[in-house]
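As written, the chains take the letters A, B, C and D, and residue 1 is the first residue of each chain.
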Amino acid sequence: MTYSEALLGAIVEAMDEDERVALVWGSLGGVSGIKLDFGSLRDRHADRIVDPPISEAGIVGIATGAAMAGLRPIVPIGTGSFLFRAWDQLIHEAGGAHYMSNGRVTAPLVIHIRHGMRGGGGVQHSQSPQAMLWNAPGIEIAMPSTPADAKGLMRTAIFSDNPTVFLDHQMLLRREGPVPDGKHAVPFGKAAVARPGRDVTVVAASLQVVAALAAAATLAADGIEAEVIDLRSLVPLDQEAILNSVGRTGRLVVADECAPRCSIASEIAATVAEKGFDLLKKAPVRVNRLPSHVASSPVLEDALRPDAGRIAAAVRGLMD
Amino acid sequence: MAGAGGPARLLELFGTMLATRRFEEVVYALFAEGHFSGHYHLYIGQEATGAAVIGHLSGRDTIFSTHRNHGHLLARGGDPAAALAEILGRAGGIGGGRLGTFHLADPAIGMPHTSALVGGAVPLAAGSAFGAKLLKTGGVSVGFFGDGAFEEGVVFETLNLAQLWRIPVLFVCENNTPGALTRAEGGSNTSYLPGGRVSPVPEALGIPTHVVDGADLEAVDALAADALARVRRDGGPVFVEALTIRWPGNQSQYPTMATGETDLAMAWDAGRIGNEHRGWFAADDPVLRAARRLLELGAADAAALQAMDAQVRARMAAARETALASPLPDPATALDHVLAGAAR
Amino acid sequence: MAGAGGPARLLELFGTMLATRRFEEVVYALFAEGHFSGHYHLYIGQEATGAAVIGHLSGRDTIFSTHRNHGHLLARGGDPAAALAEILGRAGGIGGGRLGTFHLADPAIGMPHTSALVGGAVPLAAGSAFGAKLLKTGGVSVGFFGDGAFEEGVVFETLNLAQLWRIPVLFVCENNTPGALTRAEGGSNTSYLPGGRVSPVPEALGIPTHVVDGADLEAVDALAADALARVRRDGGPVFVEALTIRWPGNQSQYPTMATGETDLAMAWDAGRIGNEHRGWFAADDPVLRAARRLLELGAADAAALQAMDAQVRARMAAARETALASPLPDPATALDHVLAGAAR
Amino acid sequence: MTYSEALLGAIVEAMDEDERVALVWGSLGGVSGIKLDFGSLRDRHADRIVDPPISEAGIVGIATGAAMAGLRPIVPIGTGSFLFRAWDQLIHEAGGAHYMSNGRVTAPLVIHIRHGMRGGGGVQHSQSPQAMLWNAPGIEIAMPSTPADAKGLMRTAIFSDNPTVFLDHQMLLRREGPVPDGKHAVPFGKAAVARPGRDVTVVAASLQVVAALAAAATLAADGIEAEVIDLRSLVPLDQEAILNSVGRTGRLVVADECAPRCSIASEIAATVAEKGFDLLKKAPVRVNRLPSHVASSPVLEDALRPDAGRIAAAVRGLMD
């Protein structure tokens, strides 16, 4: 099953199961020719499906108010870059509601975006806003890398009482993989060992897990066994899984598509340096998008991308 | 709940207005005495709007307010003691000290969350009504916002969306006229819009739109009855622009008690009105105006209003004491409720 | 520069339109042949608007466009070869491969930067005009945007600001009517606004507003002359809504060559028009319409138009070859120009 | 001279000196009773001063367009939290313009905000958006801590060809200090040693420098000599100054008012762990705002705040 189909499955299932789940139709399927067929969903639940105009701020604000009223809206914003238009509503209203009310109000909306370098997206259609989002309290962040996790994490997101930003990498949508039937939930805050290994820990999420696995395969040919940790959610974070792994390997590489400063890689590296300093045999290494916006030309885009080659090179730099 | 009420109803709404006025005077005093610091805003001069609109709501309905929220909370039935304690940052505050004056709200009374960002209330109110519509609760929502909110794009987006998605929401723009300064400097849309009004915009979007004297209790009461009935019946948005004259205490960044503690007797004894702020006392102050109208209608006499006032004052004085007696929050709880549920 | 021109001027503008049409056909072919990938948008069906409005600008003026920018760039005098190279991500592209199809722009021709975010052009155009005003250059700006941009709050904010700050900017909303799908699903403001038009909103803000048939070259030319003269004279904003019928190739996410390569002879030989897309060829296609009008005015005969077309095609074919011959950017330059100046 | 006066001085001077400098009047002076007297500035330059409505997105977009046209607008947004309303315009348009144009367009605007915990600001008036901003390429970030630097950095910001976000901490506005006369410029990318010391490096910016200096004074009484590095600008960053200092002290504490994840402290800690691993005798320590929104009550606000006490405790934890 493809990643997109698995994701869709979780949404269809939740809408059939729970009348509080509503969908802002829009762009869930994504560009690049992927068309999700919502089948008869629209006919079954016409009263819980709306079509959005191009008003990200208004829609996120409305979804937040609706969530406070008990609805569980799923709001596809499309390209992650567009979420900046709704930044205030997301961070100040959705993200702040539970805390401000001293725990009496919840805002269980799911914001769905497609993040990342997609091939030709350029400066304004390639954002990876997860690092900025992680700096904001009160928001859960899910970033699957497999079809099964896309399904299982989406279910968790929908039924979570917190606002969740759900990020699919544009280049994962067609990824194939086995997906459990029925109501499959993957809890937030539990990282997966995508590949076990003894020599170095590579921490990643979303498409970077794919890159890390490719790097690990190459490295294995040279006898280097990289352990790939798939975070699956940033909030909550499975810090223990990371520290346990580094405890065994003594080496850390973090692969991350965000620009380097204040990135996911910075946070993981800092966390391990702070909490696991004595576990580290070598300096932690960040493999990020180079410090730039994303250029449109594929050649420049490739030059900026954190990929299997750069991850493998970083690992090799730690082995001596 | 429906229809404009007779004198008895006006008297009841006047009680709400008076409570708000006396509450705000207590807030001012608490600030002046140094019991809390930071920026704050008072609802003086707009009491008729909040009281009359909210008076038409039921328990299923919700309201959303702004930085100038005290009057809305009280009109919705909020507890003045818990509200004052919240403003003082105490454990006994509605939000345990997390809200402060900017964000007074209480989910228990259908006021889930208050945004202090200009225009923030507007999509939230529409959203709450949208949720009610999809969940079929029968509830509607009211979003209160200032004329300044009109300058924020998200408000326009929401008007458009409310019409497109047929959301049962009442938008109440409280146009309290920009301060003299802002207006002179041209720093406000209402300084160039025809008549200083925002209503041409919702009108252009085809939203049923009404302009009302927001300091006229009876007028707002009647309009709100109609407007809310229409929202419930048609299941779409209605827009009300309530015009008030800005309270002289609201001319600079921090409120000043420019007009002093309200002397209710000015309502029936014009001799008590001096030259300073004569226009305010004689024609603009919604509390004095409502009192005069009640006398005119024979709904109460001066003595009855005085007695009512004494009761309200006593209630607010008690609320003040309760609030001041409330303990400070436990610093160890500062991290509670960042995330809901097991996820934390 | 001023006033609507006679036949000679229309012929010149027709040349611009034709160049755009042939350019877009080349872009489509390059995509179909796999020379570039990713999302892209064509300006087919709106050529009259861009050509006529931009035809009235001088070197001091600036324009800002959208995701659908190719026609604006060409009308402003952009080099087709450098534009195609840019779309292909080559080193010889206008932005050296940083822009791509979404962001075609060239500061050398008064088109500094193209936002592909819906509505992004609007504040930038107002800002450029605001800069020109404060710097006293005498320049004005034109912001082009689709009807969808109207749903974005920042566009409303900017209209309000342009009026408040008296910014000499011409807003041109190219209302190409939402696709059948969007419209059926109610997912667009123009599906409920009276007449499917956005103009009531700028009107409500007091901005001089005009609606024009955006596929009528003569009409846009005349209106743009007046509108720009007014912007220059009054130093404030003017709003134009240019209505076009959506090109059948623009009905789904990716363009399709639904109407085939344009057969110019359809302008004078109705027999060449088949049943498929008859309405488009007979009445909606702005290029064919302009050609018919030129014939009617006696500005050119069919042979002259064919000759012109042959020239344009040759120019575009050459541009295509130049673009395809342009080398790929040097990956080592990917980090250049993140920051300007010594600060890097 | 106060910090506010010094800041104002730089603006007045620049407007008198260069006709391209324009000012969106608004809220530069700030709340809390501070009133900056712009004196006759308004009379002298009425045509370059405008009054803003409450339209952050529109204003930042307009200022960006104006900057592309050669103007150097100074745009006070007021409370930093409000900047989220203009997030898209700032990051995608202002931040992207120079890169997209391959170096041919510049957008030299200055966005001025008052950030941080101000006493009663609550969730929506206390943001410190510098960490999120630092993740966005193409934007300079200045964060003075002294009146002299406020003046000198503002001059640099105004005449820089890049978009700059200039952050004043709300609680610094009344800070007194000596300020050089005349055209005083402090370059970006040059950290200051706010206090020299041999035992531990404390990296900070803005108000946290004041907290760090207070901590250092306490620590000195116990014979612990903390070196306080005042970053002054985040973009560009003076990485060398940090690494040099840690090279001498072997210990790092970073004080930062942002929420912890993907924060300034994360970035500095990660950078030092990565580039200066062998210099570190101990694990780097981050002292952040606790991981929460900012509550309104001063008691809760104080509990969340990174202050001299927590900085000193962090330092003591490193000394044995």
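In this section, a contact is a pair of C-beta atoms (placed from the backbone, for glycine too) under 8 Å apart; a residue touches a chain by one contact, two chains touch by 3 or more.
Because the structure is a prediction, the values reported are computed rather than measured.
S.K.: Touching chain B and chain D alike: which chains?
M.R.: Per touch definition, common to chain B and chain D: A, C.
S.K.: Using mean C-alpha positions as chain centres, tell me how far chain A is from chain C in Å, no decimals.
M.R.: 37
S.K.: Would you mind pulling out the distance in Å between where the CA atoms of chain B average out and where those of chain C do?
M.R.: That gives a centre separation of 47 Å.
S.K.: Suppose each chain is reduced to the average of its Cα coordinates; what separation in Å results between chain C and chain D?
M.R.: About 41 Å separates the centre of chain C from that of chain D.
S.K.: Using the touch definition from the top, which residues of chain C touch two or more other chains?
M.R.: Counting only residues that touch two or more other chains, chain C contributes 95-96, 98-99, 103, 115, 117, 120, 151-154, 157, 160, 164, 186, 189, 338.
S.K.: By residue number and range, which residues of chain A touch two or more other chains?
M.R.: 53, 55, 57-58, 81-82, 85, 88, 92, 99-100, 122-124, 137-138, 235, 291-293, 295 - these are the residues of chain A that touch more than one other chain.
S.K.: Take each protein chain as a node, join two nodes whenever their chains touch, and name the resulting shape: line, ring, star, complete or other.
M.R.: Complete.
S.K.: Residue numbers of chain B touching chain A in their complex, please.
M.R.: Contact set of chain B toward chain A: 62, 64, 95-96, 98-99, 103, 105, 107-108, 112-113, 115, 117, 120, 122-132, 134-135, 137, 139, 141, 153-154, 157-158, 160-161, 164-165, 167, 336-341, 343-344.
S.K.: Mind listing the chain A positions that touch chain B in their complex?
M.R.: Residues in contact with chain B: 19-20, 22, 47-48, 50, 53, 55, 57-71, 88-89, 92-93, 97-106, 137-138, 140, 160-162, 188-189, 235-236.
S.K.: Going by the contact rule at the top, pick out the chain A residues touching chain C in the complex.
M.R.: 25-26, 31-33, 51-58, 81-82, 85, 118-125, 290-293, 295-300, 302-304
S.K.: Note which residues of chain A are touching chain D in the complex, please.
M.R.: 81-82, 84-85, 87-88, 91-92, 95-96, 99-100, 122-124, 131-132, 134-138, 234-235, 237, 258-259, 261-267, 269-275, 277-278, 280, 282-286, 291-293, 295
S.K.: Please give the residue numbers of chain B that touch chain D in the complex, ascending.
M.R.: For chain B paired with chain D, touching residues are 36-39, 89-90, 93, 95-103, 115-120, 148-149, 151-154, 182, 185-189, 253-254, 328-329, 331-335, 338.
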